């Protein structure tokens, strides 16, 4: 009788882990609470750094959804029991699933920008998040939207909800920087006469071709970068926004009117990740993301035998790293099930 | 005007929208490589004039980008144009031409 | 009959040109300062006038330099210049024979065949005096026409003349050139039709051609001939009137330039008249386009000396054309007229930046220690610290008591400001450095930077010896002060612009290299060496363009497959190092490596 | 502006405000700055709203000014605060209402400190016992007087005779609100609406018919800042802060500024005069400045009280333009007469600022 694994979360990490495990001959149950697979990947229009369409990556992942994977969509977990090396998961619709291993791939959610009250998200008309901008890009109504607010000058705010004790998140979300630069370029492609300012603390262009994108943004698109964190925004009578930052490279406070403010919201662990962690007794780090058994070496298993982690439950990560991590998890699971 | 023994201090804040950025646009057009600056400061660190004075080409350029031209003329006159800054710039910014462009811009704008 | 209405266009044009040149020259003389006036006056009474005539003969008539560059190009220029000159000379002599007067109206020799129809002279007759002239005049016309043929050919086949790219002409040039090209064919036609109509009086070409034309032509040949004479005169007249406004102004101006130059008058700051003579002397031959690396490497083809001088003449000097130049001196080196293109460029940068003030009041002289020898590394050397480090160790080895003048920090030598067109401002830095140098009471100033070296020599007016470190190291080696061991690595030497073309130091570094290395021969070297692309003279060009120049220069050296690319300039070193697959070293560093680490390995030199 | 967004935030920052039986503590400085305000508060609460309110004349400064100017240590402040609590306990009250924002901030700070460090509370009790022999109970509710007015704003609106509407145009008056820094910037949860979008004055303005103007420097300090003003050498900084606010609000053409702090109305009012004298610059229409009112004064106006009974004559920027807009009748002749009709003399007119409405 072949061994079985349950993967919770049908996003990038969950899909790739499932696909790889199925390839390795493991019977997989993939549980997703949404009516569709793909998770956040479905929200992104184009991916950094090469600006390829995210659907292409989704198509790749979907091709892995072959025999040996049982999909459970719209499925909410009500509880998890472990007895004698077996995990029993009760779903809210009364179904019960059993397996020999459990992979947590419930990922993250974006920071709720309303918590940074002084940025006026949800209050001022022309403050949106990077996620919303992606939605606009995806729905191809972007031109109308941006024209609607007569956007000529756009401010992009880095580190919203990241590296911020006031937001309760000390960690860096890593990918907002490159997202901001990508989106700045994309806006410029649509509206060549827009003036774009990125307000950043550090530009953490850590991965391959990221720095080159920053270079391109400056050289080709004339996007301007002002080093300083937004302290507060206020709305003008004409619905434009006044932003106040310190231009730290000149050592002077600066105020500027922008027509649209885009908040680069960071990663926080998804509530589902935290709920499952509490159910299973998994260890959370100071940043509330889940801890693997060892940060450097045993990066895909947990201290509980049979419970594995994949993707952004362990902290902010991009698509490529998530897929790589998912494969590593699959190997670990397969190894465990031998 | 009366004096009460204290003064109203001028706001240090850069008022980006109030600033005239014609000079900025002019300079950026002549020397677009300046857009590549990432504020590392190696130019200022190697600067000979910076050794003798508080001349800071990195800051001068950043202020120009913001349209702040108050002390520009006084500052830019100190540069000896030796070109060391250009030699160390990791982004290949043509700093000598930038400085000459600033001179030209100041001349043209009558500042 | 010694007059006809048709001579008027020529005569008026000639008078116009004659007086224009007189007026021009008067104003130039007027602009001369006392020193130049003195040189001019004494020059007129000295044998230098013969040197000038000799130079005019060789360069303006025979075009020796052009011949050296390309025989076709040389022949083309010579046939025009020398051929025309001889036509005038022989024509004058011939006309005197017929008129019997020494003084004739200037048009008389030009249109002689219209006025004189000597039936006693046969076309091939060369042993009588009139026959000789008749024969020679036709021969010379043929000579000129052969040049014309080549000139027309050059427009479309410039590469046959050794030119990759010929200069683009302006409208006035085109009109004038058309007139010039028409002059000689029209003369041929006028003389031929005349000879044909009369049946005699032509030379071996004109008579036979005239006979054929008379046979073929159904109209009154004399009328056709008369029309040709009109056209001939008109083309000459228009050419003369247009000449001062076209590139052909170089023909009379170059003669004046050669005289002045032989009298010792030179390009220098503030002598606007000489600049004007120089730029009017530019024949727009386009030789400078081919040698310019901005063209050959970076594909920039609108800023070369020819266009730059043209833009000055047309008072359309643009930022781009003045500031986009390496000031490497390559065009100056090959200019057949010897125009100081670099000086012209810098002079106009100055005009561009006249009102841009500088303030160096923060510099105040620091008194220095006294030393016989002072070493000045230069700004750029501070970014290539291995060079000054090597120099210090060598000087210590040679037991020289020296003072490292700019050890902590450098006040810029001033040349970068000059290259940017700010010589007056540069003077402030020069005064500052000069004071420090003189305070040390040194007798010898050694520098590692060719940029500094050049300005020290040209502008500092120091009464002490100034050497580039390559020269000084050679001197020390010759004196046996530096022990050397056999260290024969294959090196390619790059002449830095300011050291080679700029200061004429070609041999000392090579002599030094022969003692410690195995220098390989490279394609472009010496006066013909390429610029590394890092020149501070190049004000506005992007990284990409500079990189292309560097790569082109690098290729020149890499062809010879050296182990080391050797230079004598910190700026060249840094520029090459960015792209070079082989190690780039300064001569001083190589000398340093050649010093034996242990005693007893000393090589005698 | 998405009002639902603000409402969501306001929903998050609701605080409990007592219904009745208040122990009222006055401000040290307000009685000099705007003497009619506290009197009006008492009048509204006691006579309009029929609330029970008690004052003890032995109440002293809370020491907030001294504390924020770094001349009184926190232990001393805690002990003085404890004494006020003892006065309240002795009088049998447990709902503390402060007239002063800084007092409100200090009381909140002390209570919060004791919450986190109970040993300090114990120590303070000892200090108070040794110094005065008094004992105290911590208040059940600490509110600022503006919280009380906010709570009863609708009742006041019901009784109102005038509203914040321009009687000529029928349009709502444009009001700029300024919240004292110590109200909610220290403890956002202790202020109605929080720190970024405080609702306490907005609620009054809206319910009394006006329109609130948000402007870029809304959050900026009025300039008092204790040390900034109290040290003469720093006053330039104080006035510069106020000027920054005026410059920022000017384009929005506000009809008035509403405040809830002792210092803010003082400085927003008096610095308009100083700026006009120093630089010749005035704000508002016809060189009249922008009238600055306390919330008690505004409540009094809405309820139809005589402007001169509210103490509007001590304002440096004349309130008459506002009164005219609201259609409130007033007798200019009575402006500088005492309660008994005695002529108190007229103040000298400023150089640029139009002080006497009749000259306009």
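By letter and in written order, the chains are A, B, C and D; residue numbering begins at 1 in each of them.
Operating definition for what follows: a contact is a pair of C-beta atoms (placed from the backbone, for glycine too) under 8 Å apart; a residue touches a chain by one contact, two chains touch by 3 or more.
Model, not experiment: these values are computed from the prediction.
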| item | value |
| --- | --- |
| If a chain touches chain A and chain C alike, it appears here | B |
| Higher-contact pair (C-beta pairs counted), B-C versus A-D | B-C |
| Central subunit by CA centre of mass proxy | B |
| Maximum centroid distance from chain D, chain identifier (CA atoms) | C |
| Chain centre separation in whole Å, for chain D relative to chain C (CA means) | 84 |
| Whole-Å gap between the CA centroids of chain B and chain C | 39 |
| Chain B and chain D: spacing of chain centres that average the CA atoms, whole Å | 45 |
| Chain D: positions in contact with at least two other chains | none |
| Residues within chain A bordering two or more other chains | 255 |
| Two or more partner chains touched - positions in chain B | none |
| Contacting chain pairs - touch in the sense defined above | A-B, A-D, B-C, B-D |
| Touching residues (chain side chain C, partner chain B) in the complex | 319, 323, 353, 355-360, 362-363, 379-380, 382-383, 409-412, 414, 416-417, 420, 422, 429, 534, 536, 539-543, 571, 574 |
| Contacting residues of chain B [partner chain D, same complex] | 1-9, 11 |
| Residues on chain D engaged by chain B in the complex (per definition of touch) | 232-237, 239-240, 243-244, 274-275, 277-280, 351 |
| Residues of chain B defined as touching chain A within the complex | 12-17, 28, 32, 35-39, 58-59, 62-63, 65-66, 68, 91 |
| For the chain A and chain B complex, residues of the former touching the latter | 203, 214-215, 218-219, 222, 224-225, 227, 247, 249-257 |
